[in-house]
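What follows are several structures.
Shared between the two complexes below is subunit A, which pairs with subunit B and subunit C, respectively.
What follows is the complex of A and B.
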C-alpha cells in the first residue's frame, strides 16, 4: 500500500520537495512507490500496514547534498529518517518510526577516508560496512583488527551511533568512537572534539577537545546527521587464543556471573565476552527440526541431547586471550582456576572441538574481528525468519543475572518461543541480549510477540532494568521508562531538539524524541 | 551444478563471451562476491545456504551451483527478501548490477 503523507504535509508540497530532492541527488537516486519496499521493515511486528511506512527514499553522496536536502526539508516540513546502511534489522532496518518520512539513505557515502596503522584508527563515512573496512585493511596488509558486531554488513558509523557491541577488547563501539562530523538541521556542518580546531591533527586521537563533549547527543538521537566518524582500531596482538567454557545447569548462571565480575573489572577477561544460552548456540549450528518436531519451546530431554551432540552446555562462556603467550598463559590460569569451582565446567580450545562446524570455531573468528553473517543461522532455527532484540541492562551480579534470566525466559517460553539469550559482559554492566525469533509471515504470531515484548519492557522496568537499544516500534515505550524526576531527561532532550531542529525534520520519534509540532499527536 | 563441471578452457572462453557485467563495470560474479557470498557460499555456516538446504533440499542449497534459477525471480527476491533474507536497497545493488547478478546466476 502507498504510505500516508507525513503529518502536516500536503500532496503538492511532497511532490515539489521530491522534485527538488531529485535535482539535488539525481532523479535515479529518488525511490518511491514500487521501489520503496527495500526501505520497509523486513521483519515487521505490526499488523497495521500503515505503520512504519516510508513515503520515499533519497540517497545523497556528499555532505553538500545533505546540506541542500535539509534546506528543502525545512522549506516543506518534510521529515527525514537518516540511515547509515539501514541494516539494523532486529530493530526495524531502514524503516522510520513515523510513516510518511523520507528515508535519507547514506549508503552511497561509503568512503574510507583514512586508516592510520601507527595510531590505530579509521575515519569513515556512514555507508562503510564492516566488510568494506575489513577488506581495505586486509588488502593493504595493515596490522589492525576491527571489532565487529554479528552482522558484518552493518555500518561502522551506524552501529557505534546505536551503541552496538562487538566481542574483542574494543567491544564497546561508541567508547571507541573519536571525533565526528555532523550536518545540523539548519545545514551547518559541525566537527566535534579536536576537529573544531583548524589545522589540528588529533581529531581521531583525543575525544574531548575543549568545552562540552557533545558527541553523545548525536547517538541514538535525532539532533543531527552524522557524515564522518573516527573509530579506534586494535593493533594486531602478538598472540590470540579463543576459548569456550561450558556449564551444565541453568542455575549456574548465578555463579558464573559472580566469578566473571572481578575477572572483567580487573581486565583478566580482556574482551567483551559473552555467556550464551544453549538454544542460541544450537541455533547457529543446527535447526530445531533436527531435534524436535513439537510445538513451542524445546523440552529438557532435547536440551540434553543437543548438549551431548554439540559439546555445549546450558550456558557457554565464549572468550579470548590477546597478547604474547606468557601473558595469555598467565591470564588463562586465573580464568581456568576461577571457573573450575563450578561443578561440571568443561574447558575447550579450538583444537579440542570435535565438530567441523562448531560454535567456538565460529566465535573464534568473530572475537578476532572477522566480519561474518554466520550468527544469523539462528533465523533458520524455527524457520520463521523474523527476529527482534530485547536487551535490558543490569549490574554484573549473579543475583541480577539469574533474576533476569528467570523473568525473561519464563515469559518468552510462556508465549511459545524458545529462549535465545546471551549476557554480554561490559566494563561494569551486563547487556542481557535476548533474541526472539518468530514467523514474520504469521499475523497471530506477530501479535503474540508484540504482547510479549510490551510485557517484557514493563516487567523489566518495574525491577529497574532498562533497555539499551530497541526496535522502532518500542522507542516511545522504552523512553517512557527513563522517566525519573518527572521525565527530566526527556524534557531536556526535547529542549535540545527544539533548539537544533525547530521544524522537526530529522527523524521524528527516534528514541521517543518528538519535535514540538508532533508531541500532541503522540501523547 | 553445471558451472562447476565446465572444462578450464571452456570457462575462460565463456568468461570473455558471456559473463554478465553491469553497465558501470562490476561483473555479476563480483557483485555476488561482494553482497551475496556471506550468506550463500557453500557450507552450512552460511545462513542462506542452510535455509535453502532445509526448505528446498540439499541439492538446492548453493546458489552458484543451481541450474533451475529464473532471472526475474532472483531480481524480485533481492528487492523484496524471502523468509529470513532481507531486501537489498538500490544503493547496495543498482538495477543494472542486479541484472548482471541475476544473469550470472542463471547463465
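What follows is the complex of A and C.
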C-alpha cells in the first residue's frame, strides 16, 4: 500500500517537495513506491500496514545537499527520518516512527576522512559501515582494532548515536566518540567540542571543548543530523586471549554477576564481556528443530542435550584478555580463581573446543573487532526469521540479575517463546539484552509478541528498570517510563526540540520526542 | 494485505546452463563460487538432496547459516564487477544477509520459497544499477 501523507502535508506540497529533493540529490536518488521497501521495517511487529511506512527516501551525498534538503523540508513541512545506514533491524531498521516521513538515507555519505594510527581514532561519515572501516585499516596494515557490534553492516556513526555496544575494552561506543559535525534543522552546520575552534587540531582528541558538552543531545534524538563523527580506536594489543566459562544452572547467574562486578570495576575483566544464555548461544550454531520438534520453549531435557553437544552451559561468560602475556596470565589467574567458586564452572580457551562451528570461536573474532554477520544465525532458531530486542539496564548485582532474568524469562516463556538473552557488562551497569525471535509472517504471533513486549516494559518500569534503546514501536511507551518529577526530562527535551527544530522536520517521535505541532495528536 | 515478506514469490526455479560461468569468488575450502553455484546448508540432508536435484555435484557448495565468509572471500568484489545470479537451499539468515549485503552495492531481485521450518530455496539476482537502502 502507498504510505499515508504525513500530517498537515497536502499531496501537492509533497509532490513539489519531492521534485525539489530530486533537483538537489539527483532524481535517481529519490525512492518512491516499490523502491521504498528496503526502508520498511523488515521485522515489523504491527499488524496495521499503515504504521511505520515511509512515504519516500532520498539519499544525499554531501553536507551541502543536506542543508538544501532541510530548507525544502521546512518550506513544505516535510518530516525527515535520518538514518546512517538503516541496518538497526532489531529496532525497526530504516523505518520511521511516523508514517509518511521521508527517510533521509545517508548511505552515500560513506567517506572515511581520516584514520590516525598514532592517536588511535577515525573521523567518518554516517554511511561508513564497520566492514568498510575494518577493510580500510586492514588494507593499510594499520595496528588498530575496531570495536564492533554483532552486525558488521551497521554504521559506525549510527551505532554510537544509538548507544550501541561492542565487546572489546572500547565496547561503549558513545563513550568512544569524540567530536561531531551536525546539520541543524535551520541548515546551520555545527562542529562540537574542539571542532568549534578554527585551526584546532584536537577535535578527535578531546571531547569537551569549552562550555556545555552538547554531543549527547544528538544521540537517540531528533535535534540535528550528524554528518561526521570521530571515534576512538584501540591500538592493537601485544597479546589477545579469548576465553569461555560455562555454568550449569540457571540460578548461577546470581553468583556470576556478584563475582563479575569487582572484576569489571577493577578492570580485571578488561572488555565489554557478556554472559549469554543457553539458547542464544545454541541458536548461533544450530536450529531448534535439530533438537526439539515440539511447540513452545525447549524443555530441560533438551537443554541438557544441547549443553553436552555444544560444550556450553545454561550461562556462558565470554570474555577476552588483552595485553602482553605476563599481564594476561596474571589477569586470567584472578578470573579463573574467582569463578572456580561456582560449582560446575568449566573454563575454555579456543584450543579446548571440540566443534568446528563453536560459540567461542565465533565470539573470539568479535571480541577482537572483526565485523561479521554470524550472530544473525539466531534468526533461524525457530524458523520465524523476526527478532526484536528488549533491553533493560540494571546495576551489576546478583540480586538484580536474577530478578530480571526471572521476570523476563518467565514472561517470555509464558508467551510461548524461548529465552535468548545476554548480560552485557558495562563499567558500572549491565544491559540485559533479550532477543525475542518470532515468526514475522504470522499475524497472531506478532500480536502475541506485541502484548508481551508492552507487559515487559511496564513490569520492568514498575521495578525501576528502564530500557536503554528500543524498537520504533515502543519509543513513546518507554519514554513515558522516564517520567520522574512530572516528566521533567521530556519537558526539557521538548523545549530543546522546539528551539532547534520549530517546524518539527527532523524525525518526529524519535525517542518519544514529538514536535510541538504533533504533540496533541500523538498523546 | 500486502506485507513485506521474505517469501515473495512461489518460485518455479529456472533451468540454468551449468558450467558456463567463470569463477567469481573463493568459497569454502577454496572452491570457486560461480554464478552457477548452489549453496546448501550441510546440516540438513534435505538441503543437499534439493541442491543436487538442482545442479551437478560440482556446483553445490556446503555452507551453514552465516554468509560472512563467502562474502569476504570474494562476493563483495564480484558483485561490483558484474551482475550475479546466486541460488541456495539454506536457512533464512544466509539469504537474508546476502540480500542485504548485495543491496548495498547493486539492485537486487529475490525469489524465495519456504521448504520447511528451517530451509528456504532461493535465487538472488543482482544488477549493476546502484541502490542504497
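Basically, the second predicted complex is superposed on the first by the 523 of 523 C-alpha atoms of A that agree within 3 Å, B and C clash if a C-alpha of one lies under 4 Å from a C-alpha of the other, contacts with A are read in each partner's own complex, and residues count from 1 in each chain.
The working rule: contacts are C-beta pairs under 8 Å (C-beta built on N, C-alpha and C of every residue); 3 or more make two chains touch, one makes a residue touch a chain.
Only a predicted model underlies this, so the values are computations on that prediction, with no experimental measurement involved.
Asker: After the subunit A overlay, clash or fit between subunit B and subunit C?
Answerer: Result for subunit B and subunit C: clash.
Asker: Just subunit B (first), just subunit C (second), both, or neither: which does A:49 touch?
Answerer: Touch partner of A:49: subunit C, not subunit B.
Asker: Classify the contacts of A:352 with the two partner chains as first (subunit B alone), second (subunit C alone), both, or neither.
Answerer: It touches nothing on subunit B or subunit C.
Asker: Could you tell me if A:31 is touching subunit B, subunit C, both of them or neither one (first, second, both, neither)?
Answerer: After superposition on chain A, A:31 lies in contact with both partners, subunit B and subunit C.
Asker: Considering only the touch criterion stated at the top, classify A:94 as touching first (subunit B), second (subunit C), both, or neither.
Answerer: A:94: touches subunit B and subunit C.
Asker: For A:451, using the defined touch cut-off, is the partner it touches subunit B, subunit C, both, or neither? Pick first, second, both or neither.
Answerer: It touches nothing on subunit B or subunit C.
Asker: For A:152, using the defined touch cut-off, is the partner it touches subunit B, subunit C, both, or neither? Pick first, second, both or neither.
Answerer: Touch partners of A:152: subunit B and subunit C.
Asker: Of the two partner chains, subunit B (first) and subunit C (second), which one does A:59 touch, if any: first, second, both, or neither?
Answerer: Touch status of A:59: both partners.
Asker: I'd like to check the shared interface: which positions of subunit A are touched by both subunit B and subunit C across the two complexes?
Answerer: 29, 31, 35, 37-39, 42, 57, 59, 86-87, 94, 105, 107-108, 131, 152-153, 285, 287, 289, 357, 372-374, 376-377, 379-380, 383, 385, 440
Asker: Considering the complex alone, what residue numbers of subunit B touch subunit A?
Answerer: 34, 38-39, 43-47, 50-51, 54-55, 79-81, 83-92
Asker: Along subunit C, where are the residues that touch subunit A in the complex?
Answerer: These residues of subunit C touch subunit A: 1-7, 43, 64-68, 71, 76, 91-93, 96-97, 100-101, 103-104, 116-118, 131-133.
Asker: Going by the contact rule set out above, which residues of subunit A touch subunit C in the complex?
Answerer: Answer in residue numbers: 1, 29, 31, 35-40, 42, 44, 49, 57, 59, 86-87, 94, 105, 107-108, 129, 131, 152-153, 285-287, 289-290, 357, 372-374, 376-380, 382-383, 385, 440-441.
Asker: Per the contact definition, I'd like the list of subunit A residues that touch subunit B in the complex.
Answerer: Contacts found on subunit A: 29, 31, 35, 37-39, 42-43, 57, 59, 85-87, 89, 93-94, 105, 107-108, 127, 131, 152-153, 285, 287, 289, 357, 362, 372-374, 376-377, 379-380, 383-386, 440.
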